[in-house]
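In what follows, chain A forms one complex with chain B and a second complex with chain C.
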Partner chain A sequence: MTSALIIILGEVVEAMLIISLLMAATGSIGMNRGWIVVAILIGLAGAGLYADYFDAISDAFDGVGQELTNATTLFGVCLCLMFFSFFLIGQLRPAAPLFPLWVGIIALFGSIGLAITREVVEIYIYISGYLLSPEPVQPILIGGALGTGIALSMGALIYYAVSNLKRRQSLIVSCIVLVPISAGLVLQGVTYLMQADKLPAQSPLWDTSSLIPEDSVIGELLFSLFSYEATPTPLHVAFYVSTVGVMLLGMLLVSRLAASGQNNSVKYA
Partner chain B sequence: MKTRIPALMIAIIGMAAMSPTRGATPEFVIEIKDHLFYPSELTIPSGVKIKLRIVNNDATAEEFESYELNREKVIRGGRSGTVFIGPLPAGEYPFFGEFYPKTAQGKILVVDEI
Partner chain C sequence: MRSIRLFLTLTIIAIITLVNFLSSVRGYRQSMDEAETLFNEQLLENALLISATLPVGAPAGEKAALPPLSVNPRLDNTPGFQSLLVIQVVDDQGNLTFSFNTEAQAAITVLEPGYRDVNFDGYRWHTLTYRDTANERWILTAQRYDIRYTLAEQVVLQSVLPIVLSIPVAGFIVWLLIGAGLKPVIRLAEELQNKEATDLSPVSLEATPKELAPLQKSTNELLSRLKASFEREKRFAADAAHELRTPISVLKVQIHNLLEEWQNPPPSAQQLKIGIDRMGHLVEQILDLNRTSPDLYMAQFEQLDLFELCQEVVSDSYEQFMDKNQTLELLGEKGLIRGDRFAISTMLKNLLSNASKYTPEDGSIVVRVRSQDKEVILTVSDNGPGIPAAERERALERFYRSGQDRNPPNQPGCGLGLAIVKHIVDLHRASLTLGTPESGTGLCVKVRFRKPGQGS
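Then we have the complex of A and B:
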């Protein structure tokens, strides 16, 4: 029961963090929250499709199809979160949003949809394995329900914390928190590509496993939230830093554009 | 003379691209049965990239996971999966089955001389 609780908690927290942040942000710009529900449904449909073809996907590409799919999904979530953060920054001045609404909706569908696909497939495979075996499934379901409950409460906490901020602050806080989340997803993707032998394996640059072991409670929590990696290689660090750089620069550029747009409208008014 | 340099470069690049042939990566196999790994200790050479095939003989799914190796892979019941490991320095690298961590435990021993 405990292992089921930990596994499901870890999976659901990863998706809940993104959903609750985006839910709070969309709420603060007055975007219809119904889009989040649609994004979740897209994710569940995607998970069903992935689960259906899981064996074929795993066997593809000489047995590393699972790694390539996971890496693509992670990079996809990162890209969508990046565009969503640009969309949010473009909304800093409510009178003159920089991007049309559909940009935000597509980024929302992509990020939440792919994040849910990834997590739900793992949970489905974990639980469906038990259903096929003679082992009792009840402790797994109880552990899973408890794990989901804890993850949902954490999501609610994040949602209300960000929602209670003023419009501008909530947008900025969401975007800043999205930076380490997105870069962390890229980090995980890089590890999958190394596992699949598509990127060269390297010696780690540093090792913080004695400080915060990855299998400790804090390590697991940090992994679920920000993809904590105790032994990153130079490639990991390069991808992480590039993602952070692109996101921060992009946000800065968008905020400048939004500000200049505002000045123009004032000038021509 | 000038025309030979590109030809030479193509030849060098071609040789470099071909040199790590697929057959050169040694393959090792670990089996899962009754939520246990067989062998639970696998010895591999240091400084060499290996292909590890994990065969799951149980009906339940398992996730091969190792913090030290930085690897994780879900393998459905009755299926097998491939994970590339290394090149690694000599040492002990524990791994476990995340879905049955109480019993599914093992380690990869990387040694300089087999």
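Then we have the complex of A and C:
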């Protein structure tokens, strides 16, 4: 049960974090939340396609196709979240949004769609592997239910916590929380590239696995929040810090642009 | 927040789920640790039992002499239990003297007291090495790791499963309870929503909860202030009417006397009289317009016969039609409506006044009251110039004049007549249409009232 709980909890929490934050943020700027439903459907369709071609993808690139696909997906989600946070910062002045609506919609589709695709495929791989083993099914069902319940509850609480803030605060909080999430996704992508031997393996800079093991519930929650890595290498740290830096600098620049009124006065409902 | 009920239900269920599920996970882990201890104790008990009952030097493969091993009768019937336990007895030289449930020909684990995990017979086993000091031998007991884990998990999950299954039930109950708790709020909202625009009576709820009492009190105070404000507005309108009417009436008398005194009154005196008449008419119309505004008018609805009311108004205003030698016909039948007598009379007077004003001398005006299905229809038709279709919408606006040149000379008019009619129609939730009579010329004003008891 524990393994099912931890794996499903990790995957669903990651997706729920992104969905609930983006849902609260889109609500704050008056964007139609129907786009989120469309993005989730796109993600589910993507997961179906991925699962259908799973063997072919796994065998591609000398057997590291899955790792490379996962890394690409994670970098894609990070990039879309980065653009979406810039889009949100550009909305700080409701009378004169800095970016047109389609920028937000594309970033929303990309981030939620790719995140859902990845998480659903991960769960699919785990469950299909488990079903092939002679182990009883009840523990995985209960573990999955517990993990999903905890993740959905966290998502609901985060959504209401952010959406009950004032518009400006809601946008700023969403963007700030998106920073460690995005950097964490890059961190996971780097790990996949190391597994695929596309990046050199390195000795860890530190080891906190005795304090918070990665496979514990807390470790899994921290992993979902900012990809907690008990034994990060210099490359991990470099990518993490770079992503955080780029996002914060980008948001600062966009907020300056928005404040100085250098906009195209794009208006939409 | 779009819905308080959804917000409360989701957040409460989310918190219940988080607390319960995290507690379950913690409970599960503690229970699994406890089960681990129990299984270890079982290994020890079995070793002690062998120590006490198995004679020294019993040949390997002896099974008949074994006493019942289980300490938990429930486990005896569990599939896989037969392969759960392995027992070996080894002497100090390492020779196997007794073996149960394994084909292993050597000691399955090291001969040092304690619990260990080892692999043999193709499985992972949890073993206990027990030193039987009295008989100077080693007793080794082992349980298959996967079966131990599965059995423990089966037992522990029985306590977790009801918690998982209870969440949807809890969600449903919370949804119902919050709905019940919010009922007074919904009732208050409905009561305010269903109030007529002119109903400023206090809102009253049965057994108002203390959380809603301040809101109800504030609402009632607001309604009370609003009512007082309307009363002042009405008093002001009445006072203003009185204050304006009196000097205008005096002016009318003075100009009449002046015209009488002058043998040949100058044209400017005639213009002055027309101006005073027009001012008087304008004041009356403005007061009527304000009085009949649906937002302000405190209507007193009663059941009226529209045809009977038309008869009264027609007889009162017959003189103005006589002056222009116009014919006025009143046709129709009894038509019962719910309406305010004063407002409907004002509406009829305005319609007749308009018809007379724009109909040429010797023209004809027809007033008809018709009862049809769920409606009572009032039609006032004339054979004047009418209003072009494109201008009919605007004709209902205040101070709208359909071409100054069309306004007959010496006829006071200020463009408020149809605006007043529209106010009164709205007040009665009736409908108003301007059209052309069947004769093809003139204006046909049609007002459709719902019959009493035909809904709003």
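Note that in this section the second predicted complex is superposed on the first by the 243 of 269 C-alpha atoms of A that agree within 3 Å, B and C clash if a C-alpha of one lies under 4 Å from a C-alpha of the other, contacts with A are read in each partner's own complex, and residues count from 1 in each chain.
Going forward, a residue touches a chain if its C-beta (ideal position, glycine included) is under 8 Å from a C-beta of that chain, and two chains touch if they have at least 3 such contacts.
Model, not experiment: these values are computed from the prediction.
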Partner chain in contact with A:L5 - chain B first, chain C second, else both or neither: second
Touched partner set for A:E214, first chain B, second chain C, both or neither: first
Touched partner set for A:L157, first chain B, second chain C, both or neither: second
Which superposed partner A:Y126 touches (first chain B, second chain C, both, neither): first
Chain B versus chain C as contact partner of A:A196, first or second or both or neither: first
Partner chain(s) touched by A:L205 [first = chain B, second = chain C, both, neither]: neither
In the superposition, chain B vs chain C on chain A residues touched: B
Chain B versus chain C as contact partner of A:V64, first or second or both or neither: first
Shared contact residues on chain A - chain B and chain C: 135
Touching residues on chain A, where the partner in the complex is chain C: 1-2, 5, 135-136, 138-139, 142, 145-146, 149-150, 152-154, 156-157, 160, 163-164, 217
Chain A partner contacts - residues on chain B that touch it in the complex: 25, 49, 51, 53, 58-63, 67-68, 70-77, 79-87, 89, 98-102
Chain C residues touching chain A - in the complex, by the definition given at the top: 1, 7, 10-11, 13-15, 17-18, 21-22, 24-25, 28-29, 150, 153-154, 157, 160-161, 164, 167
Chain A - residues contacting chain B, complex: 3, 7, 54-55, 58, 62-64, 66-67, 122, 125-126, 128-130, 132-133, 135, 191, 194-197, 201, 203, 209, 213-215, 229-231
